[in-house]
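Each of the two complexes below includes subunit A, the first together with subunit B, the second together with subunit C.
And then the complex of A and B:
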């Protein structure tokens, strides 16, 4: 099996503060991987380093390419759409994606939008939190790439929306693509994960198969994850 | 489907499919849903379904036909064997628990008979 992502000896500082250090991570093709860690642990930073929006020290290879510009055409990241004004209609955002990303597949978007019941005539400002997250998921998965990065798609949304999003992930992640999905609460997605990666103490503390964890520890993934923090740190 | 997150998911998928087969929801020779459809129906990922199915293929409970999909075996002897396995596994649990209550083998048999009689009586009411 080929590798989609290889990170070697990556470190990143912001304002003199070390955010990530000595990060090594390899993800194989065709996996759904949970990226776990507390708020502020560096999950989003790691994703931004992978896409090339942030620059660290070290080597990041996505589908054989190493420069940020080349990597961008192999990675689809769940952008939060902050660059669009609130009165922008969804259809305009979709057109923009089509223009900017040659790998944006309109048919895939339309299928996803129908499944997630997204109405393209609405303005961004009219979207509920759940609907906005669904729209972001549809845009992100509509691109045909090898690596998808979903940054906390479930934070603050209701359980029905969450189920819909999980179904769309299972249904629309291309067969040989890998999907990295960050969350600080793993139970809601545990059954769909092949592997988990835990960011802790500025580095990758754990990278392990989900069924391997269940098999070897007899623990739920959430309990295993929490056991890594035993004796310490408060949760939000 | 609700999973017990302490138990490997591929194992629970196998158990789920065994039950569908033995309850004849899936009959001998029936085609199984496509892998991705199963993944969506059960809310698990495609690789986990693949792992469960490939183990069941190795066990001879389902057959993979190239380009056509996966089918429940028509080997009724194999299915009877599977049923026996599952029945024994269930009984092993009950047996272990009753033994832990200090029941002898004879007492276990008597209790089971009594239970079935009472259950039968309740159903005939």
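And then the complex of A and C:
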């Protein structure tokens, strides 16, 4: 199986504060990977480094490309649409995505929007937190790329919306694409994960298969993750 | 990768909409002024000319400021920075779309003002003014002057935007590697330098306008203005190169 993402010796500092150090990570194609860690552990920063929105030291390779501009062609990131004014209609944002991302599949977006019950005539300001997150997920998954990065897609939204989003992730992630979902609540996504990556102490503390964890430790993903912070399990 | 055409369209849409909104506001202000003058019973054939020319400068300044905000937002919002394009292409297309939209805005204003002037000219002593038209040679000088002024106007706006970006990106770049405390100190230093540069630039502009007026009224050689234009173009290129380096190496988007 080919690797879609390779990170070698990545470090990142901001305001003289070390946030990530000596990060090495390789993700194979066709996996759903949970990026776990406490608030402020560096999960979002790691995603931003992969997309090129933040600049660190080290090598990041996505589908064989290393420069930020090339990597962006292979990565779809759940950005929060801060570049658009609140009065922008969703249809206008969709049209923007269609223009700037040659890999944006409008049919796929329309299917996702129908499934997630998104009304394109609404303005961004009219969206609830859950609806906004659904819209972001629909835009992110409507691109045809090798690597999808979903940054805390479930934060602050109700359980019904969470279920809908998880269903859309399972249904619409292409088979050979890799999905990296960051979250600090494990329960909702544990069942769909192939692997977990835990960011702790400024680096990747754990990268293991979900089934491997269940078989070798006898623990569910959530229990295993919690045990890392209780000192019950020695991580890699 | 995103093509230039798609990038241009995507980056132009909001700016085009904003310029049209501004033109609509200007039109409303002009119409309200005309109605007010008519109510006062002071309406004449030159009222339209005074109303359009009186309102024109304010939206022009606001337009430049709105476009400057749009330019800077592009550099810090993921919505734009995640587009698969090189920073040089992003930077130059950002400036180009702003300039094109400003030109569009200015052309519409110029057309409206020309119509207003024509109405005043032909209905109020135009025939007698025709008799005082300058000779053909003077008209040639006028065309040369007009071209120089238009290019000066465009390059001056590019210089303003590129200087704003320069300060913005240098400040953002400093924040990526300085501790919070020192970052504030550096920002204060940058602001002081910028205020100084702004005063210098303002002085330069005022001096330039005075010089342009002097030349216009004394029939001197307009070619001298091109030296200033070239000097400004060089500054824009230098600032542009530094801005692109900042974007590539240090300037990050606002976090999610």
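Everything that follows uses one rule, which is that the second predicted complex is superposed on the first by the 230 of 236 C-alpha atoms of A that agree within 3 Å, B and C clash if a C-alpha of one lies under 4 Å from a C-alpha of the other, contacts with A are read in each partner's own complex, and residues count from 1 in each chain.
Criterion: contacts are C-beta pairs under 8 Å (C-beta built on N, C-alpha and C of every residue); 3 or more make two chains touch, one makes a residue touch a chain.
Not measured: the values here are computed from a predicted model.
In the three-chain model built by superposing on subunit A, subunit B and subunit C fit together without any clash. By the touch criterion stated above, A:188 is placed in contact with neither subunit B nor subunit C. Touch counts on subunit A: comparing subunit C and subunit B, the chain ahead is C.
By the touch criterion stated above, A:111 is placed in contact with neither subunit B nor subunit C.
Contacts of A:24 after superposition: neither subunit B nor subunit C is touched. In the overlay built on the shared chain, the residue A:38 is in contact with neither subunit B nor subunit C.
When the two structures are aligned on the shared chain, A:170 is found in touch with subunit B, with no touch to subunit C.
Contact with subunit B, but none with subunit C, is seen for A:221 once the two complexes are overlaid on the shared chain.
Superposed on chain A, the gap between subunit B and subunit C at their nearest CA atoms measures out to 27 angstrom in whole units. Interface of subunit C with subunit A (complex): residues 1-3, 6-7, 9-10, 13-14, 73-74, 77-87, 175-180, 183, 249-250, 252-256.
Residues of subunit A that touch subunit C in their complex: 13-17, 44, 48, 51-55, 69-70, 72-73, 77, 79-85, 92, 96, 99-102, 151-152. By the touch rule above, subunit B contacts subunit A in their complex via residues 3, 5-11, 36, 39-40, 43-48, 51.
Within the complex, the subunit A residues that touch subunit B are 30-32, 163, 166-167, 170-171, 175, 187, 190-194, 210-211, 214-215, 218-222.
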